[in-house]
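In what follows, structures are represented as structure tokens.
Both complexes shown next keep chain A, but they swap its partner, so chain B is in the first and chain C is in the second.
And now, the complex of A and B:
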């Protein structure tokens, strides 16, 4: 099934173009702060924009200077090339200052009919929850107007139900991944999570159920013995055709038992519990459960990572920081010390598309020598 | 005393006075709060708290050619060379307990925010950890379209009120509404007076360029909400008004009127002298006209009757917090109102907030027949600045402008 998940991801644009041609509305988004359930309840397919790592023969005029992460630069590049012409809308959260600049450049240069940018709050308190509730109500109104629809409470409850089922299955798979002699490898988990970003949730749910059925009949463990946690923002930093850190780790006898990907662990830690008004529940969930470096104190994020590493009994931690990612770069010295103080060996990798993978491989090999010693 | 001498005297006394108070704050029991340039200092001053601005201190460090060393200190600690140079210099000074006028004062609390930029959340965490000081990050939304919603202002205003409770707890100073209202009233006057200066720079010849205006920001940035700020800009306004009435330009022979985008190079303000020597005045710029003027550039005002909402709105309209399309549209208005011949765009590796979108800005300007030139550097770290290259580019750019002027005459 891993090949299936990889194919789903690689064919994402073709799949989306076909859906668009059939009249399906597609609203793109970046990062996990965007309320996918709301977009889905409005009748659209929420599809996450992902870094494009395939080199193109012709380079387009620069919009970004070179001091921007590859993630946003390549997404904008694809937008300029027309790759995302199938998008009916794009919602971007203020998750860092680069995203603010990205949104402006996208709006000026890519013809997406509906665009919206918003700021998730960086606090967890009643006022912030009320603010996010109002913000999501505003987004609901905009989506309703754009898509000529009404989003009712029961529409949202239904969408939340689907996403909760997805989250529950992924939590089960994560749990299987971190057991002793796990029946699922890090590569498989990463490939399925990445496919989930770009697949309509109903289809992804079917894929997950089929995968769980397959796992339940597995007895052998495809995983290595050295338990590794990967901290990275996006898959492409560590799991792409340009840099497959996951495969490097597995080839060296390692097994990725935990991750902090913005598109992984952070999104699935808890179910979205419905208490009363589903719109209020949505705001509460996204406030309390879904955060990144910019939107929470380093102390909280690092403590969560330490707890995850301890629970998963990791032998070492690989921290990937995308070049030019400021929020994560600022936290690196603190994070490294925090892990080392708790006895976790740490490998710091600064990643970019232009970095030779041989260089990374050397460093990972050296790290494994330390872990085995 | 002649007005110009009076301005110089006031600035010197107030600057020395401010730093003098910081030096004695600890022994006099005056709490010091480290904050970003967004403060909001008017709230701190109204509570008898002395704000200290590490960024502002970094600009002094850079002007004294001492920034590179502190950058190296931060980089050796593991902070990337790619992050904001204000923060690298600031972290270096903090760790070394040193700076252009001595060590930074130890804070009772640190206040950052999510609105300015990434360092405004993360740098202050680093400071708070280092000093063992309590930290408050005030929150607010990105104002892409330049139109804020009531629920956004309300959230931010209530968050600022909570910040006041935090400050009371950690500084021992009591908040008094009347004092904040007084500070807002002074700030409103201050901004309105400064806006008059901004508007008068449209005069041909330009009475004050960016070189001079960069030195006039002290009160807006460091002393907002004080009577001194209001008094100083009243005098500055009168000075500029007289220059305008007498057609007295800052340059003896003004040949080109330029607009400059981004922060000045604090270690090389002589770049503006290089331009001035060639008859080019920077008659408009976003740094002094829009960043610190925020609401007032858009013809809106703070209201002492609604102080927290006013402070919130002011911050929401900082240049950094506005979307690219809003900024470009207003930039073009400035080009027209201030009779601009060309634009100098500084691609600042240290400030993504300010620099992303410059290529689109350049394209729009060129489409509107305003030639542009771009150069890359950092505003506080001098190590990557290639002076010869930039000056060559300026020479070629001014030749182009001269040619265009000759063709249109």
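And now, the complex of A and C:
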């Protein structure tokens, strides 16, 4: 099934173009603060924009200065080259300054019919919740107008139900990944999570169920012995054709038992409650449950990571930070010390597309030597 | 042999006098610390600093301290210390300077280092940060938690999109959110300081600030004169007052003094640079360590910076009808804060540009100030001041046929700025500006 997930990801643009040609509306987004459930309830396919490593820097010199993360540079580049011409819409949160600037450049240079930017609040309190609720109401109205539809409470509840089921299955898979003698490898989990970003949720749910059925009949463990946690912003920092940290770890006899990726642990920690008004629940969920470095203090996020690392009994932690990613970079010394104080060895990797993967491999090998000692 | 005198970048007498204000904040904070009164380390929070000041708090500004350290040549040690602490060197230069400084304090029982420039920043009892402008402004203060046991308060400031700003109800809901935030901020400070905010006192501060900003805005308008009565370094010296200390009682008379000096020059045709040949705008934050660079450009090439640094300038005045019947100082402050950020949205929507903050003002100023070019200072350590530069460059060329030049550098780290190379680039850029003057003439522009 891993090949299936890999294929889903690699063929995402073709799938999207075909769906678009058949009249399916596709609304792109970046990062976990965007309410995918709302987009789905409006009848559109929410699809995360992903980094295209081969495309780095082709069209960019006139649009983006050098001092911005690779992730956004390459997505913008793909937008400029027409790869995302199938998008009907794009919703971007102000998750960081580079992302805010990216949105502007996209609007100016790529012809996406519907675009929207919003600022998730920095804090968790009643005022912030009300504000985010109002924000999502604006998005709802605009999506309804653009898609000529109405989003009712029951539409949203249905979409939330699908996404909750996805989250529940992923949590189960994460548990299987971190148990002793795990029946699922880090590569498989990363492949399926990445496919989930770019697949319509109903289809992804079917894929997950089929995968779970397969896992239930596995007895052999494909996993290595050294248990590793990976912290990264996006899959592309550690699981791409340019830099496949996951494969490096597995080739060295390791196994990724926990992660803190944008669409991994951070997104699936709890189901979205269906009690009361679903629109209010949506705002509460995205404010309180979706944690990331961009907006909230390190303490909460790091505490979640430490608990995850402890539960998964990791032997070591690899922290990947994209060069020029300020929100994560500010937290690095705190994060490193927090892990070390709890007895977890830490490897800090600053990643960029221009960094030779051999250099990363050397450092990971040296880290494994330390862990074995 | 006589050493060649560095050309002065500051031409106004009041620009020379403005240094008093930066030193005043440091001195007052150190005195407060000696007297046992709490001191805040504050970002410049789109005028919300008035709130703690109205409650009698002394504020120091680590952003300004970073610029100060760079200007007096003492930043390098702090930067190296920050690197040693594990903070990546691509982070905000002001923040890195601050981490280094904080690390020195932490290693000395939180005492202010004896050799710190200007006497140093007093120990913080609280950090007052903001969600506005950039990620560093709250992540930086959060990261200082490893050195100081002091609470962090973050003022929310949504970065509204250009077209989103014009959605029905959007502006009102955002201002209401800001106002609600500021009321929570007041409650936080009341708990911290153990006393209530006096609303009349806050009203006085807000009133004074509005008057100061109005004068500062009029100074900006005076600068449209040809030749320009001011230079960029003049502004960068003076902006400490109306940007960081807007409501300070000494700032309003000082700002009026600046206005008088500039008006005198305009009325008498006195140029800041006698040989002004080229009028450049500058985006966004200057190399504080090398402001003499602009003096050299002026003296040797006749290049003057006639408008600079959107974020440091006063906002467009709030329309009177928007303040009619509004007496609550918190409400006024929320409107001012949002106006500062989104005031040029109608320019943004006119030209279809996004975002309007950082960018749209230039599309108006290029005409107002009859700019021949834009100098973009690309900052390795400042994403928000850099990401829009090429965006603006394209807009200025597409709409107005005004060219731009890029200079790589940093706000604090001298090691990444090559002054000679930058000067050569500007020399070569002269021809480009001459060419586009002709292009604009043919296209019907009047400058």
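Following the convention adopted for this analysis, the second predicted complex is superposed on the first by the 366 of 373 C-alpha atoms of A that agree within 3 Å, B and C clash if a C-alpha of one lies under 4 Å from a C-alpha of the other, contacts with A are read in each partner's own complex, and residues count from 1 in each chain.
Here, a contact is a pair of C-beta atoms (placed from the backbone, for glycine too) under 8 Å apart; a residue touches a chain by one contact, two chains touch by 3 or more.
None of the values given here were measured: they were computed from a predicted structure.
S.K.: Since both structures carry chain A, what do chain B and chain C do when superposed there: clash or fit?
M.R.: Because the two structures are overlaid on the shared chain, the partners are seen to clash.
S.K.: Tell me which partner A:94 touches in the superposition: chain B (first), chain C (second), both or neither.
M.R.: both
S.K.: Thinking of the overlay built on chain A, is A:285 touched by chain B (first), by chain C (second), by both, or by neither?
M.R.: A:285 contacts neither chain B nor chain C.
S.K.: Given the touch rule stated above, what does A:163 touch, chain B (first), chain C (second), both, or neither?
M.R.: neither
S.K.: Across the two complexes, what residues of chain A are contacted by chain B and by chain C?
M.R.: 62-65, 67-68, 94, 96-98, 100-105, 107-108, 117-119, 121-123, 127-128, 130-131, 134, 138, 293-295, 297-299, 323-324, 326-327, 329-334, 336, 350.
S.K.: Considering the complex alone, what residue numbers of chain A touch chain C?
M.R.: My answer: residues 62-68, 94, 96-98, 100-105, 107-108, 116-119, 121-123, 125, 127-128, 130-131, 134, 138, 142, 293-295, 297-299, 321, 323-324, 326-327, 329-334, 336-337, 350.
S.K.: Using the touch definition from the top, list the residues of chain B that touch chain A in their complex.
M.R.: 77-80, 82-84, 87, 114, 117-119, 121-123, 125-126, 129, 135, 137, 139-142, 144, 149, 151-152, 154-155, 158-159, 162, 323-325, 347, 349, 352-353, 355-360, 376
S.K.: Residues of chain C touching chain A in their complex?
M.R.: 85-88, 90-92, 95, 131, 134-136, 138-140, 142-143, 145-146, 152, 154, 156, 158-161, 164, 167, 170, 173, 177, 180-181, 184, 352-355, 359, 378-381, 383-384, 386-391, 394, 406
S.K.: For a test of understanding, state which residues of chain A touch chain B in their complex under the given definition.
M.R.: So the residues of chain A in touch with chain B come to 61-65, 67-68, 94, 96-98, 100-105, 107-109, 117-119, 121-123, 127-128, 130-131, 134-135, 138, 293-295, 297-299, 323-324, 326-327, 329-334, 336, 350.
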